[in-house]
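These notes open a run of structures that come right after.
In the two complexes below, chain A is the common chain; its partner is chain B in one and chain C in the other.
Right after this comes the complex of A and B.
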């Protein structure tokens, strides 16, 4: 039994925005795989909800004339994992989505929910960060605000979305950000399924034509700081370097200002530091190899 | 079909179709919901409970606090009644407790029309506590402010000492050398007259949980003056006795019904909330009251597997692999309440002397200490997974130190057929362990794989491969420590089909299927015509203490066999009357009365039944009921082999394959037996690499009482498992069979641990072998550079 006071019906994005505006305590529910857990834990009580799970204008994946890949917010992971365009252009996004929860979860949970929930461990985030994805956010006045996904997370479980007034509608991934790049994502968890990342790392690499220099390098981590984030200081160190083990070895906590791994009963700081180094290096090597380097 | 055939489970169809009804499916729609308020301190007293706000919440019918319940103490252990008062279980629980003994102890209960109203009321109750410093880590000696139970001033619930000299018989008293051991809970120094120095090891086992999918659940209502309790329990007849004791009513006034069970693994051998449900129903005029625990509650408010610290010492005779002196000491974390008492630590310590022997002096001691953590009780293996981890890790550690081959070392020290083990005087009449080891070696290709991996590990820095072995011995049932009894009733129907009622409990292990095969074997009636009544109802089901100790097919099977033989005798006698022949010349084969001498069919079974039931002047309904008293015990054996690869920088173990080889005597149903092994190995893998209940070390608050943070393996984490059986014939089993329910969980953890040792050269002396622990150990061993 869930403690739900009222369920509102909505058929369009505009409906949803009107409902949350008029009913201040109304929670958007997409796949519900985070919202219902919060209700069970009594972190959400006595709530009104409005579901976006059946709104067709929020579902689907397409490529526009410029090669921008557009994923609608309420698209379920299973549809991302099996989408031909995603598999062709950014298979690592499919790989990341395929590691979420279990088949049951992937059949119902959505990419928008993963972003808007704001979890520091969200599996779809690290790869979207290195893809420099753009988020389209609508409000009740019909305005669309576009933000860099790197500006979404503001703290643990917190985002820059104005909860009572805004809805995430689309995720855009531009061609310049995926074409010519190799990517990898490493989710480190204790189990091979039904697991929340102890630490996650995504890398994106572009090589020069000779495949011996790093033309561009992007790296992000989850669960290594209060928000998932890119490590620009490390990126700067690596861009322009030779493709070599020495360059890979630059990936170590000492070279990463942005991260602040925590000590907790789930994992000690020492262990997280070891993981930062190890999975950072492994994903970098994998991304380089996918581009024909090393 | 009968014995040895792959009969499909008798409950397969209803389980696959989803039509099986479990306890929660049966809760009447108008049942009231009882929710328990759990303490938010681990140690102390409830001083005051303010329920005024909670009572105002709509839908709340009643709130009962720890200040209002009867003062009667009861034990929650699902043990048979002990005639000897000194063997009785410790009664230390009330329906609700003013004296709080662990975080989450039960202090009040709300009854409401639905779970939300009940939950809201729980949140509105204000409790004032007087807090004491909780005892969270029993291995650290602390000054005891106030004992957890006033009858146990130093928090020591129980202690058992014994020693075995060259006569091989345990004397249950303290050996003079044990004094030192007891004071420090550890063994120090050398024993006199030893040839080689004693090597000493220490192993730590975590607290884990059964993690059965069906949570703890029961409901109760009154039918006239009688109390009916429906519960997911492994021990319905014991539930009936405990409810009657807790409520102070007669046993006959209580009816306990056990529907299908969604897993128990020993946890449902305790009687936890049935008395409370019954009490509330009585209090509320017989209304139906349901108590359905959440997963979070099941972790904390049911039972756990004992955490233990096990210290061992041993040496071998100079120039040989034969063990000389051996000693083991167990300190067992009992948690808040006594439940099964010292039985589990005692079972564990004695096992150390039942698999291997030494030629010299052997010392055993075990101590159970109360702590302010959830109560530990029965869980698959009853203490043996813990001692086996210590014993088998020690075998490999010692073998490594002295350059022995770990398998040869084991073979040199086994207690074999013809021996009587020292602690319970159980004569070993069947032991296929040597063959199990041989079979496993061959399946895993032990010798070649060892060479191959040694070579691989020389060149590989980050990945290290290994193979490991562990073996075990496990008792079947509880004789001679406790009574072994079971009953069965068989009713022959008009058409030659059967209804078989058993007191023994199907909890998923497949006992009902085995019982159908046993009845079929004796009565020649095919299993398709045998209807096992799976639901136990104490009003109609014959007696059996319950599902535990891997006893169902050994003891319950004995009851079915006895009843079936009795029924067969009645059938033949009736046939003899009808045919006017001498009964000694008749047999029952393929549902026909047959002339033994000629082999000729004389009469269809069905005609005999019709004659018996409907003859105008003389009717008899052919039924048989028998009680079987078990007067024996037998060790099941097995060897487990693990083939693994360690990712050193990530501390991850990839298990390629587990080989689980068992001597469980005659295998009644090979397919089902294999499935049982698969499940046990999967659970063993969880114990090995992931599972551990964690508590805040200062407050005793549980940290990971949910399936996200408590890491049971998923199907993606379970390796390939290969199962083989070495079929010995155990003369005391109804068909040569012995334990198989629990054994498969025992050896995987030490086998995996020993494979990690082979792969990396690092001895990990505690479970689970989780990545963080491994990485830290690898760093210490300099396998990882900075």
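Right after this comes the complex of A and C.
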């Protein structure tokens, strides 16, 4: 039996917003694969929840006239992994989603939940950071706030969402941020399934026409700082450089200001520093190769 | 809070009273007597409580019963034939390949196999390994389970 005080059922986004406004401290729950586990662990007690898993306006993937890919927040990972548009334009997003939990988890867990949960190790976040995804957040006043996914995470398990007033509804990925880019994501874990990342890294690379210079470079890490984050200090060093092993070798912790890995029972700080270098370089090379370079 | 709901399980609609805080695992076991749904880790890791919900496998331990109203639930009991005298082809494959030892993970694995079978596709050994990654088996070492899956959804032998 879960320690739930009251369950509200919502049928629309408007419904959810009304419920969270009328009942402060109500937790929004979608697939439940994180929230219910928190109740089991007694990190959440005697809570009111509002279920959004069956709201159809929060499900689905589409492309608008400008080529922007729109993923609704309560879309399950299995639907992202198997979506033809995602597989054609951003296969790395499908790859990242496919590394979450197990098939049973991916059948029910949602992309919005992975974001709003605020986990440092969230698998879908690094790739969304390098895609500069835009988050559409609806509030109780009927307004839509749009933020850069890079501004979502504020600390471990914390986000800039105002819990009593807001709900994430859509994730937008603009064409300029995926077209012409090669991406890669690498999750380091001790086993292949049911694993929480020891460290994760996503890269996005755009090459010049001759395929010998790096026109744009984006890199992000998870579990390497209190939040998943982009490493713009490193990006600045690499953009404009030749496509070469020397450029790849610039990827090392000494060149990254944003990261602050720590010791945990999953891995030591030293090991994480090694991983930052190693998987940063591997994903960068993979992304460059996918664009015909190196 | 006590609630009366209609739950469609194995093709039959049951009107039952439940506590709205209970997991689908508890409802299926304690209120409907469907004890093929096992309680293992109860945290969505071991896959012993796997059921089919609208044709997709989920861990019923981290799913609230109230969410299942209006959805279609299948447990291993639903594979039985009318007279209960034949095993389902998947069950038969598990028996033939000795894929069962203590049997605790078996109902969940059978339903994952059913989900794969229902796609009508054929799967390589690599793909079936990945497909059963949400099930823990502490007895068999998985090889015989994969052999059983091969019989049902594996590539045709030439």
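The rule is short, and it goes like this: the second predicted complex is superposed on the first by the 294 of 294 C-alpha atoms of A that agree within 3 Å, B and C clash if a C-alpha of one lies under 4 Å from a C-alpha of the other, contacts with A are read in each partner's own complex, and residues count from 1 in each chain.
The rule we apply is simple: a residue touches a chain if its C-beta (ideal position, glycine included) is under 8 Å from a C-beta of that chain, and two chains touch if they have at least 3 such contacts.
Here the structure is a predicted model, which means the values were calculated and not measured.
**Student:** Pick one for A:3: touches chain B only (first), chain C only (second), both, or neither.
**Tutor:** both
**Student:** Using the touch definition from the top, say if A:103 reaches chain B (first), chain C (second), both or neither.
**Tutor:** second
**Student:** Tell me which partner A:36 touches in the superposition: chain B (first), chain C (second), both or neither.
**Tutor:** second
**Student:** Please indicate which partner A:87 is in contact with in the superposed arrangement: first for chain B, second for chain C, both, or neither.
**Tutor:** Touch partners of A:87: none, neither chain B nor chain C.
**Student:** Applying the document's definition of touch, where does A:274 land relative to chain B and chain C: first, second, both, or neither?
**Tutor:** So A:274 only meets chain B here.
**Student:** Going by the contact rule set out at the top, does A:194 touch chain B (first), chain C (second), both, or neither?
**Tutor:** both
**Student:** Indicate the residue numbers of chain A shared between its chain B interface and its chain C interface, in ascending order.
**Tutor:** On chain A, the overlap between the chain B and chain C contacts is residues 1-3, 102, 192-194.
**Student:** Quick check: in the complex, which residue numbers of chain A touch chain C?
**Tutor:** 1-4, 6-7, 9, 32-33, 36-37, 40, 51, 53-54, 78, 101-105, 107-108, 192-194
**Student:** Please give the residue numbers of chain A that touch chain B in the complex, ascending.
**Tutor:** Contacts found on chain A: 1-3, 42, 102, 188, 190-194, 196, 265-268, 270-271, 274-275, 278-279.
**Student:** Would you mind writing out the residues of chain B in touch with chain A in their complex?
**Tutor:** Interface residues on the chain B side: 114-116, 119, 123, 649-651, 690, 694, 703-704, 707-709, 711, 713-717, 770-772, 775-776, 784.
**Student:** Which residues, counting only chain C, touch chain A once they are in their complex?
**Tutor:** By the definition above, chain C touches chain A via 1, 19-23, 26, 42-45, 47, 50, 53, 56-59, 62-64, 66-67, 112, 130-131, 133-135.
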